[in-house]
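Each of the two complexes below includes subunit A, the first together with subunit B, the second together with subunit C.
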Partner chain A sequence: MSVLRPLDKLPGLNTATILLVGTEDALLQQLADAMLKEDCASELKVHLAKSLPLPSNVTRPRIDLIMFVVNLHSKYSLRNVEESLHHVDATFFLGRVGFLATGAGRESHCSVHRNTVVKLAHTYRSPLLFCDLEVEGFRATMAQRLISAELTSVPVFLYIVCGTPPQHG
Partner chain B sequence: MDETVAEFFKRTILKIPMTEMMTILKAWGFLSENQLQTVNFRQRKESLVQDLVLLCEKKRASLNDAAILDIVYTQFHRHQKVWDVFRMSREPGEDIDLFDMEQFKRSFKKILQRALKNVTISFRDAEENAVWIRIAWGSQYRKPNQYRPVYVVYYSQTPYAFTSSSQLRSNIPLLGQALTIASKHHQIMKMDLRSRYLDSLKAIVFKQYNQTFETHNSTTPLQERSLGLDINMDSRIIHENRIEKERVQRVTQETFGYYPQPRLEFAQYKLETKFKSDLNGGILAEREEPLRCLIKFSSPHLLEALKALAPAGIADAPLSPLLTCIPNKGMNYFKIRDK
Partner chain C sequence: MDSCDTPESTPRQRASSRLKDYFIGATPLQKRLESVRRQTSFVPTPPRRKIPQCSQLQDDVDPQKVAFLLHKQWTLYSLTPLYKFSYTNLKEYSKLLGAFIAAEKQKGLAVEVGEDFNIKVIFSALLGMKGTQRDPEAFLVQILSKSQLPSENREGKVLWTGWFCCIFGDSLLETVSEDFTCLPLFLANGAETNTAMIGTWFQKTFDCYFSPLAINAYNLSWMAAMWTACKMDHYMATTEFLWSVPCSPQRLDISYAIHPEDAKALWDSVHKTPGEVTQEEVDLFMDCLYSHFHRHFKIHLSATRLVRVSTSVASAHTDGKIKILCHKYLIGVLAYLTELAIFQIE
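And now, the complex of A and B:
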């Protein structure tokens, strides 16, 4: 499948699947580890991808939440996320997508302006979280937030969504 | 003992950290075990230094002995200097006599002393047929400045010499000349290679860095030899781009090998190129003068950092050959011009 659609599969019983999309594998890996360390009532699976579209020759469970990770130190990571967004079905943006910007703490290293990601998140009507994933404490806190967002039966982000989602072909 | 020599001793011994004092003094070898035992090493540093200087005076230590202590200190603290690399060459077809270390030293000393009346030259032999040379520069009218010496490490079985960067650059051509003539070469050329890590420079220049430690592990699957970012064995984490990750690992291993990289702190690229554009016209396109720009990559360990770029997802693999050629070409300064 070249476009991810949120509801074309049945939800798994007592399982949750999060997809993290970003160029910096090390950070994604660490975030995934932090999330799995959290005590989960239901079974959590984390998929890591550099970009979308995902390889199509694999069966995978329904994806409940996509987090796009942008490293503010790297224009390359921003561009990668922007291009990957084209491969997500519009209905995903009704509460199943979030943006995570890392690296804001080290201002001198930032080559992507905060406003750029703020505008991006606004365009896609999805929430934006800032978290320096390189710092273990912040990473653990973010992992907790993502888990609790994931496990509530109603998508948590829904209340932030307003207006109509952008038109996709 | 001359006052200036005593002062030189004092300042040289003061430089040595207390934790290394015994080791360095033993390596120096001027004061015997027995004599060292008569000194109280537990007292305050200033008093200890005073006692040691007195001991040296009693033993009639000379300026040269102090210079040798300075060499020993520098050998233990070689990272405090920045080292340049010189390569010498001979005329093709010339007979190479057996190298005579004593003759080299005599000849080297003679050449420098003839040119500059005041200069202090000291030698200390090292392993691998190398010699450490310490030179304190003076002039016709001034005594040598013992506090701004230049060090040269010459590997006699090779055409290479490493020198510590010095601010007194006017004497470098003379130094080069002395080195060349004394070692029976014809020409000397400075390589575009510089670093604090003398051992890494050695490894690069003598091509010793690419020795693979594991010669029998060819059956180990690729995943187990991955670079630091192990593909997580937790089955709850799924890598969607596993194939691409493996390709990147493979390409990185092919480029950088399995061995630890020699240590450099930076790579510098000077670009002097004319503006090129797909669009016709524009102010810059008509500009005759090339654009100049300097790009510098810095890191505590540059080559390991470059090796980690693609696996970390920060750059595509394979990396630009301008970055990966550094150890092969033995360069970390590049000038890039239009062909």
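And now, the complex of A and C:
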């Protein structure tokens, strides 16, 4: 099964699983560590993947939330996310997918325009968060936000947060 | 800064000008708010830009007069509008700036061994360096060394050059009141200490603010596409790109040189809309280069950072350095840089 579907498995008792998809291995690992450090009422599992589709020979729990991480410094990460999106079932986008853009703080290093990611998130009707994952404080805040969003049982993210000033179009 | 503060106008003039603004649209402040609102609109439209063409005012530009602007490396800054700057006072500004520099040098702030303090500052207008008639005139500041012996040639060596210009700066000109002169793009060539001194003088005298203009990889790829799209009779230089790969312990630089005619052929195969460059075309152009490189070297250039683009029209570095090689497209290159400078100010 190469397409991820939200309800094809039974939910685990008192567990929540987040899947982070992105090419920036180091940043994803750091974000995952920050999330696991946070206090959590139920058990939290964080899976990391470079891209979709996920290998089908591994048993994994039902995925409750997918965060696609795009690094604005790298066009490659954007292309990777765009291609991975094709392997996600449409019903996932009803509140179980989010986009995370990192690197907007260093404007001089950006090769992807902010509006490109905004448009992508808008096309997929999913929220977009900006966070410089390289900065520990921002990363910890983002980890808290993801966990609090994950643990509510209703579709999450009723707001879009922009952490950076308007940029060149 | 608002146009509301015009105490010298009579009540009737004020009322009629307010009515006029109401009919035309908005005060400068309202226009500025509108432009900011437009920029942060939720679903942005992708940008389209005109391929640099010879501007209709190009005939006014004397090629000899602007030849000294070409083939020189300029460091870019963006500049906020100058308050109460007047083109008729250029001689006075020359004297004031000359005195300021002499004073600074005597203070010992910028003393270089063996340098004489006999310098002369010249402000001059650069005619024809504008995109539309609305753009303010560009002007040039030069520091020359005065020759010691009176028998020698009066014109000394040029130590430092800087010029201010505004090409197609409509979006900024609309939002600024009349006391201000908008010349958002500043280019400097020469010692950094001189640039700093002159920057300080301008900031004190005209209440403006300089900031270095960096060019990110996104804009560099736009420049690469636009300059490759320019029609050239003969190509003076190869088209070259430089990427920086952030890796430890030492940074790795990847340089990719293409024959300019091949680059143009690639662009022509990608280009659809005549006279305009779109985001899709730029992306496709760069993706072709990336995939070609990947096929041969198995390296994803799209994961690295583009730092330098060099074509026969001009070359640009991400630190905000530019060198213009072609007189024909000078205005076109400056137009894009002005756009970046205006964006940085706003």
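Everything below uses one rule, namely that the second predicted complex is superposed on the first by the 156 of 169 C-alpha atoms of A that agree within 3 Å, B and C clash if a C-alpha of one lies under 4 Å from a C-alpha of the other, contacts with A are read in each partner's own complex, and residues count from 1 in each chain.
Following the convention adopted for this analysis, contacts are C-beta pairs under 8 Å (C-beta built on N, C-alpha and C of every residue); 3 or more make two chains touch, one makes a residue touch a chain.
On a predicted model such as this, the values are computed, not experimentally measured, just so you know.
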For this session: Record, for the superposition on subunit A, whether partners subunit B and subunit C clash or fit.
Result: clash
For this session: Could you say whether A:82 touches subunit B, subunit C, both of them, or neither, answering first, second, both or neither?
Result: neither
For this session: Mind working out whether A:48 is in touch with subunit B, subunit C, both or neither, as first, second, both or neither?
Result: first
Exercise. Touch check for A:111: first (subunit B), second (subunit C), both, or neither?
Worked result: second
Exercise. When the two structures are overlaid on chain A, which partner does A:119 contact: first (subunit B), second (subunit C), both, or neither?
Worked result: second
Problem set entry | Partner chain(s) touched by A:23 [first = subunit B, second = subunit C, both, neither] | both
For this session: May I ask you to decide whether A:74 touches subunit B, subunit C, both, or neither, giving the answer as first, second, both or neither?
Result: both
Exercise. In the superposed arrangement, which partner chain does A:136 touch: subunit B (first), subunit C (second), both, or neither?
Worked result: neither
Exercise. Taking the options 5-13, 113-121, 203-211 or 257-265, which segment of subunit C carries the C-alpha atoms that clash with subunit B in the overlay?
Worked result: 257-265
Exercise. Where on subunit A do the contacts with subunit B and the contacts with subunit C coincide?
Worked result: 23, 74, 76
Problem set entry | Partner subunit B, residues of subunit A touching it in the complex | 19, 22-26, 29, 32-33, 36, 43-51, 54-55, 58, 60, 74, 76
Exercise. Can you list the residues on subunit A that touch subunit C in the complex?
Worked result: 23, 73-77, 79, 107-113, 115, 118-119, 122, 166, 168-169
For this session: In the complex, go through subunit C and note every residue touching subunit A.
Result: 36, 39-40, 42-44, 46-47, 214-219, 221, 286, 290, 300, 302-306, 318, 340, 343-344
Problem set entry | Residue numbers on subunit B that touch subunit A, as the complex places them | 229, 232, 234, 236-241, 243-245, 311-315
